[in-house]
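Just below sit the structures, each encoded as structure tokens.
Both complexes shown next keep subunit A, but they swap its partner, so subunit B is in the first and subunit C is in the second.
This part shows the complex of A and B:
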């Protein structure tokens, strides 16, 4: 465990020093959130419901999404790893007595955790203070809040497992742009970050049930507001664990195979 | 202690002719060429030696180092380091070796050197007492105390290279592979790095294999050189002999570089 804890510590240290970036990110998330709230407000009818999803639930969904972006948003790439793959810095990584999949997983996980923990509180605070109906509501119940924490943590765990597959695919293509673009767009859409899943047509909602993406964002965000009830939340947790197990196993296997065959580029 | 037997390494490289037509064609059907980076390479190295490994760019030096450190699996042939095949159990193997790739960095750019060292300590699971002893010794040998708390991005290249070599010795490896450790360094730093390597080899009994384009490194450091060209070992023996063979009485003022260029020409590599 020690190497991984140490890696986590160093990544946290590293992440903590980019204060300007953190403030910049904060401002972007706040204005982006505000913009989304107003766009959806324009589409919502007089009764404040759309597809059975209340406007107040939607606003809460958007503020949480902006606050915890680092935990749920696939489209956040680690340039250090990308550079390592495409320029051959990976030589050093392979000279270490550790499992490459585990090391990279910890690196990605800790970077997102650091960035999320640093940034979420101001957005949540501002969201809570905004006037009704544009504010972040309190959690539906203490139980819903607890389930939100659990599903959010599992969401991050699952998201990193998905991201790992993308990094692994770059070994093959040697061109980060392609994999990131395709997975980024697909992942964002099916996790409900473009349009919240309850606002999608029913057939599309059913499609999302069979993909891992909605368990990385949609599930925790709606558990918080009680739009997803306790029983469904527990089912969701089971699905999260299912996907994490599958994707981590597959990723680790491919990584093992690929590092034995990979050719490190350049002198 | 290290042996390399009949190693072949062939890379498959996609290629295409110039022009739009060829580019379109390559979408459907890719042409590959096979590049033989190593052809039946054999050699052995004894414990405590400093071996210089020289040859022009693209001769196969880095490929050899990557095979020895377990990163690459050769197409055919066998290799043994301390009686084991490097790629059979990469994780167990790399605990015994230290590697410095002069053109890359293993230190984290934005944090102080000491933090990178501590991370390496934990990654290699070095015992606290051993780490303390090694660190004190390396700080003394490489004179790191002035800048060990400085972020890597603020170090000069010479300072950084000293840190890089120290970093690869924290886990007391028995062999050190140095891939162009003096690249880009000024004269003073070069001499310093050479002295460090000599000291490490003598005092800690670390076997060193060094690739370089700087013949000064070879002259100052090595007991034996291996010359590789076009994937084959062309010369394996004392550097003095190689030099004297190419130096005539009337041209004693020739530099080592000129001699080496002539050797390369002679072997047409």
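This part shows the complex of A and C:
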């Protein structure tokens, strides 16, 4: 366990160094969020209500989404790992006396955690200070806030498990661009980041229930505003744990098989 | 010019060398505009209209922007990736060759995979033309063409500015995404939904309003007036490229290599 913990610490500290990049990202996310808010304001029009998903719920959803992008957005890739797979640097990794799945998992997890921790607070702060109705509202209740923290943390855990499967698939295709783009786009849509899930037609909403993606973003974001109630949130947490267990187990198994079978081309 | 086409031919050959991989790439590139388009469609299915504009009216604007963005991305890839050229010192080599910097940087990248979003936008445009009700006249046809040309030039100008900034810093370039991907994503809607500040910015500073919002109103028959005036507005907007080129020249003059 010890090597993984120290790897986690090193990576976290390393990630926390990139403050200028974080600042650039911050400004981008803020303006991006602002544009989205205006567009939805125009769609909602005067009455500000659409099938039970109110404009203020939506705005809160958007600000949280921008603030915690690093925790919930699949489309962010570690070039170091990608290069390792396609150029054969992987053979060094295989020589080390640690479990490859776990090492990579820790690397990805801590990188996202660092990036998220660096970026979330300014966006949240500005979001809270914006004038009504464009502001991030306070959590629905202390309990909702607690559930939000728990589901958000599990969301990150699940997201990394999904990302790991994509990295593993690159062993087979040897083509990072394709795999990443396809999974990234599908994941983005079904996790409710293209448009929020409550705004989708019912049949699509039902589809999202059977996929892991909505538990990586939609669940925590709506738990915060109380749009998903306590009981449903607890069900959601159970689903998150279910998906994490399955995907991590499957991922670790495939990784083991692939690394045993993989042929490193010499040279 | 001849030199540029030679560059393009070489890049094209290298990018289509692996057939299966190339097909997969085209497919994956198609998926992104498709999904974001699906998102827009679903929003209209939910809400009906945005500020009185119908779905097919927004589709015209969507097609124009995605098309010009795809073309600009395809040709200006070299400027988009220019910070790498600075970092690796490749730009020093460009400087010692007896040719212009612009043509060499343009020729350093040509991105054929943007063919997918381009074709996709053609389909959307056809959909919008068939199902929307535009009263076609000669002026309006010229206008549509100019909108696409103007958009391509403006997007290329933004890439050029982004490249120019990297003469001074290669940090925080992520912010430029607001002007490229941000505009592609958000400026497809009628500009009057945004606060005045943003509208003015998108009309006079980065003149996107001149290629979509203003001519579109005439194209869709929302306003009357001098058709030709609106038809050539996008080309006026394309003058945006002039300060971009000047800025680039200034940057090149000020550039000092890191050595190595």
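By our rule, the second predicted complex is superposed on the first by the 264 of 267 C-alpha atoms of A that agree within 3 Å, B and C clash if a C-alpha of one lies under 4 Å from a C-alpha of the other, contacts with A are read in each partner's own complex, and residues count from 1 in each chain.
Everything that follows uses one rule, which is that a contact is a pair of C-beta atoms (placed from the backbone, for glycine too) under 8 Å apart; a residue touches a chain by one contact, two chains touch by 3 or more.
Please read these numbers as outputs of a predicted model, since none were measured by experiment.
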In the superposed arrangement, does A:181 touch subunit B (first), subunit C (second), both or neither? second
Can A:78 be said to touch subunit B (first), subunit C (second), both, or neither? neither
Of the two partner chains, subunit B (first) and subunit C (second), which one does A:232 touch, if any: first, second, both, or neither? neither
Subunit A residues touched by each partner, larger count belonging to subunit B or subunit C: C
Would you sort A:10 into first (subunit B), second (subunit C), both or neither based on which partner it touches? first
In the superposed arrangement, which partner chain does A:23 touch: subunit B (first), subunit C (second), both, or neither? second
Check whether A:96 is in contact with subunit B, with subunit C, with both or with neither, and answer first, second, both or neither. first
Tell me, which parts of subunit B touch subunit A in their complex? 11, 57-58, 61-62, 66, 69-73, 87, 90-92, 94-95, 97, 99, 101, 103-106, 108, 110-111, 115-116, 118-119, 121-125
Which subunit A residues qualify as touching subunit B in the complex? 2-3, 5-7, 10, 13-14, 17, 88-89, 91-92, 94-99, 260-261, 263-264, 267
Which residues of subunit C touch subunit A in the complex? 21, 24-25, 27-29, 31-32, 35-36, 38-39, 42-43, 45-47, 50-51, 171-175, 177-178, 182, 185-186, 189, 193-195, 198
For the complex, which residues does subunit A have touching subunit C? 20-21, 23-25, 27-28, 31-32, 35-36, 38-39, 41-45, 50-51, 173, 175, 177-178, 181-182, 185-186, 188-189, 194-195, 199-201, 204
